[in-house]
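The chains carry the letters A, B, C, D, E and F, assigned in the order they are written, with residues numbered from 1 in each.
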Amino acid sequence: MLSRDVRDRLLAVTTATLTTVLLKKGIRRSYMRGPKPLSTAAGKRVVGEAFTLRFVPAREDLATPESWSAPISTRAAIEAMPEGCVAVVDALGVTEAGIFGDILSLRMKKRGVAGVVTDGVMRDLVGVVGTGLPIWCQGAAAPASVAGLTFVNWQEPIGCGGVAVFPGDVIVADDDGAVVIPAALTADVVAAATEQERMEAWIVGEVEKGAALPGLYPMNAETKARYEAQTKSKR
Amino acid sequence: MLSRDVRDRLLAVTTATLTTVLLKKGIRRSYMRGPKPLSTAAGKRVVGEAFTLRFVPAREDLATPESWSAPISTRAAIEAMPEGCVAVVDALGVTEAGIFGDILSLRMKKRGVAGVVTDGVMRDLVGVVGTGLPIWCQGAAAPASVAGLTFVNWQEPIGCGGVAVFPGDVIVADDDGAVVIPAALTADVVAAATEQERMEAWIVGEVEKGAALPGLYPMNAETKARYEAQTKSKR
Amino acid sequence: MLSRDVRDRLLAVTTATLTTVLLKKGIRRSYMRGPKPLSTAAGKRVVGEAFTLRFVPAREDLATPESWSAPISTRAAIEAMPEGCVAVVDALGVTEAGIFGDILSLRMKKRGVAGVVTDGVMRDLVGVVGTGLPIWCQGAAAPASVAGLTFVNWQEPIGCGGVAVFPGDVIVADDDGAVVIPAALTADVVAAATEQERMEAWIVGEVEKGAALPGLYPMNAETKARYEAQTKSKR
Amino acid sequence: MLSRDVRDRLLAVTTATLTTVLLKKGIRRSYMRGPKPLSTAAGKRVVGEAFTLRFVPAREDLATPESWSAPISTRAAIEAMPEGCVAVVDALGVTEAGIFGDILSLRMKKRGVAGVVTDGVMRDLVGVVGTGLPIWCQGAAAPASVAGLTFVNWQEPIGCGGVAVFPGDVIVADDDGAVVIPAALTADVVAAATEQERMEAWIVGEVEKGAALPGLYPMNAETKARYEAQTKSKR
Amino acid sequence: MLSRDVRDRLLAVTTATLTTVLLKKGIRRSYMRGPKPLSTAAGKRVVGEAFTLRFVPAREDLATPESWSAPISTRAAIEAMPEGCVAVVDALGVTEAGIFGDILSLRMKKRGVAGVVTDGVMRDLVGVVGTGLPIWCQGAAAPASVAGLTFVNWQEPIGCGGVAVFPGDVIVADDDGAVVIPAALTADVVAAATEQERMEAWIVGEVEKGAALPGLYPMNAETKARYEAQTKSKR
Amino acid sequence: MLSRDVRDRLLAVTTATLTTVLLKKGIRRSYMRGPKPLSTAAGKRVVGEAFTLRFVPAREDLATPESWSAPISTRAAIEAMPEGCVAVVDALGVTEAGIFGDILSLRMKKRGVAGVVTDGVMRDLVGVVGTGLPIWCQGAAAPASVAGLTFVNWQEPIGCGGVAVFPGDVIVADDDGAVVIPAALTADVVAAATEQERMEAWIVGEVEKGAALPGLYPMNAETKARYEAQTKSKR
């Protein structure tokens, strides 16, 4: 479980900063291609452990409205989601079949799910937005998931938007999209990201005053000394 | 011609519901890939018979500004559109040449066209939006249609967004996009969709009260009995 | 350098009109695929000479945070931009690595850059929007440019959104996107575009009064005579 | 396990015929997009039960040469493959990282694997072809799987080329590509396909003699009677 | 009808030369994206008037095996094809549903069709190749056309591979693919192409002898004079 | 200049092995997406220093047959190519305009160019193949480069198939495609690759004898000891 402290510190860090920190640690593939904030997520940042859902393509004998009542179904998956998790859904990038509508979104909201991240789309957009659940996706399409997808399981490793996501990885999503932090790297990433945010805030101030970029961003030794002198007392 | 009753009942049904009803009748390909509401269409639902327009790719000897004066032209097609129709335009998914600008959009508005649905884009977006005509498309591009497309005819079978559309099919478009109802299935679809909307509204109420999904959505026999008991008197 | 007069006249012309004028002069490829206005650019028109930046794909030994301090870097390019230019960036259409964040955008704003046009994306969207710099791009992504791109030079010929752009070409961007006017054609294009805007405004008035399109748009000889009689006195 | 009789009868049926039979039973999505025969498979037909392998996208901390020694690895999966199976590999359609090279292909050949079907590619093409193992894929690329993919498991439901494949489904592959027969439908499909092959062979003979298509293909009642009269004695 | 002389002269000209001649006449879009020679067409050149066929996307109520018996069907279209024509089929670029199998290909061969050009694919590849009919397409797929396409008409304007094709346009296809010559330009194109082939053959000879390219290809005035002196007597 | 020894050792190493060695050194992006061997390159391996050519998209005022005579032209670039180089051409992945035809290919052959690698296509395929020049590309198209591309320079940094290539990098191409070795890493890569080829050859022998994969590939400590004992004497 994600500690309150880690969550709070990540809520103060942009996904832009997180990807730079991860890249410096050798992880170039952390950003999901596709998920963008719906209006319910605009201007927000959501942090939580990944709860994964997995689809495969639709086959007409499997992907039917009847399948919604099966023991393995999106309904059952939702009932297994813990409070505070981020549901991450591998929808194979399909944009013509909505994985969740208003009813399922409302139920996730009721269960305390922190947010939804998917490389697919929602359906019944007006109803979904009405629930207020923060969602990052590729938009909306009218058809139900079974028009293009067969649900197969939850809490398995998945791909989402070209990135591997394992249950328990940490998800951070904001206006720039959604990022995965490998569970094992979380502590290191949080520490480095917090420091980087502080440095960049100071640099913005310098640029506001008219400073040129070379030597400032990234800092050369002289700038770094100046930065440290000015900020030492405040830490 | 679409009867007033059918139109009114479809105006009360989401495209999400319609695609589910169509899928249950064996039609999985009813939702057009591409058309999304411009600001003039946001929050609206439009219903009407399809009036189709067909383009082929541009060839420099055919796709010229001079072609706009030809007897077969988008201008002539617009003058043939009946009041209340939905213009459905096969633009081959081209997103770099706008099929209609402000002048053509204004004329359609004047003629009482209910809306425009296309897998292509508009041009002169500010002017088009100024007409108030509800439009579902892939956005806007500056170039005229002739930069990428040659207009060939109207009221022929077309493809639009990966779906077959025949003149006289019924089009319904809302925030989730645009759906085609085959003309021959319209009556059946309207009946089933109306009932499904009622059921889903009741289910939303249950979820609001905290009910879990299994057995509720879809309903098992017990839930169905309870639903019918509660709603019988109201029908 | 773009004269004040040319700039002012282009500020009164839509990109839609410009592409039609260019097409009549044999230039069909002038509209960039990809760049769309961010909120800072919505409803605006920007005109300026192209200042080009060029990326190639990322290679892990080259595309590193250290490379940001090199003499050839996006930082150095920004310091070379003249006031009033439009930065046009060939980002190879990459949508998963942001070419500029808040700091670089702020510095361009401070230097008086008129706007940014790219087939790539921004990062740190909130910060970038906060600078107010008008930007046309494909949206935002969290990762830095080095996650997908290696910067190689500025003021070279580039491709952007499927169009060739040379330093000194004239860029015009508005709600429909961004257009390149070859430097050598600028004077001719401005003259023809100004006249076409006038004609189309008159046509809109006719359609508002209920006129049908054939013979009006494009004008036949009779309509043209009427138009000239009515507008002669006003020129 | 696939019986010898079913296997032998399927070896006499084209994938073209199988897809038509499946479509008549309501299954339109049975053909995998992507897998095409390498030279080792050209002119051959392979039939077997699906043994599935699943990848997710690469992440640099997981997709490493070291991962090849893990208990969950492509190596371990290969050692679990039963004789006569068809390995079906969900490679996410990645064409820039080869899932198997010469060593793994040789080991599958030694174990009696009937063939490999994937929406990805091979690597070390010369070596792979040298093993003689029949393979349907999208071609070859030099990099190892870890350049783009992380292996996660075997014998799970997967998608391959836009089609759902479950362990135990029946795979048939020939020069037209690869088809999945849902396990539960196999007996019915085999019976109908055998009869259809017989009919089409007779029709080919008629066309050879110069017959026109209408009424012949598909057969009208009269042609059907003639066909049945001529072929009755031979069954 | 294409005259014997025009056909013979076009049989001596490459599609590469034809596209250059067309480009010099202002036609940049003459080459179809997608059609490549099957083994029956490899090393051949086919010339003929276009006989067009048009598909729209499949809809399950229309695209059925039963539809093959309808008056508007691919079967009926084939029976309407004149000897010597080239069947050009707009298959919407669909590569997962074969438009013709062995029976239809055999019938076209029997009717004297010169060749088939399509942006789609064949099915039953072995059988199709067995007929010897020269075909340019994107390869093969097992499913029948109805798995992805609904046939709507023949001898209408179509798009094929991003190019407009009208009935009566002239089609030339060889190892580089397929090109459309607008009917009205045919005579001019044939004349210019014949001369260009002659010039290029002479240039190849010069390069064989070790000549450098500048001034030779394209010829400057001096080279042109030499070429004309050397070839005058042979014309 | 590439030494004879490095060239000879690279001629004995597969591109598959090279990508694995590069990945172990942190370079995941070394393999070009797109280039595949034409028949002149099939079964061959080519090694040489990269000589780069760069195109931007076509614009009708620049990309003309007249441009072929300009001082900056593909013709001039070819005359600047040193013997033994590999021409690497950034064609922006365009597959509808051939960058070189028979005449240019013949001239490169005459100049001793070792091979051509591009993410684009050739034209006049029969003529190009006739020259015998080894070429890796995406196939062929009839139109000339100016139909889609404007040539801008040679010996600049480029992207080719999603990979950065700098003049002087080492290119190796074989049946699996083409790989870039950063100039600075060449010596290290050659040493490691030679050893890895030796190890893999020994492993193939073990698999031929029936050995299972775990512990063998990759080798565990025990296998490694056995390998070293067996091969020590032979080195």
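A few notes on this one:
Keep this in mind: contacts are C-beta pairs under 8 Å (C-beta built on N, C-alpha and C of every residue); 3 or more make two chains touch, one makes a residue touch a chain.
Note that the structure is a prediction, hence the values are computed from the model and not measured.
Any chain that touches chain A and also touches chain D would be listed here, but there is none. Using CA-based centroids throughout, the chain positioned farthest away from chain C is D. Rounded to a whole number, the gap between the C-alpha centres of chain A and chain F is 38 angstrom. Rounded to whole angstrom, the centroid-to-centroid distance between chain D and chain E, based on C-alpha atoms, equals 32 Å. Each chain gets a centre from the mean of its Cα atoms; for chain B and chain F, those two points are 49 Å apart.
Residue positions of chain E with contacts to 2 or more other chains are 26, 28, 30, 60, 162. Contact between chains, per the stated criterion, is found for A-B, A-C, A-D, B-C, B-E, C-F, D-E, D-F, E-F.
Residues 60, 65-66, 68-69, 73, 75-76, 78-79, 95-96, 98, 101-104, 106-107, 110, 123-127, 139-144, 146-147 of chain E are the ones that touch chain D when the two sit in their complex. Within the complex formed with chain F, the residues of chain E that make contact are 14-16, 18-20, 23-24, 28, 30-31, 33, 36, 43, 162, 174-177, 179, 200, 203-204, 207-208, 210, 212-214, 217-218, 220. Chain F contributes residues 26-30, 56-63, 92, 150, 152-153, 156-159, 162-165, 180, 182, 184-185 to its touches with chain C in the complex.
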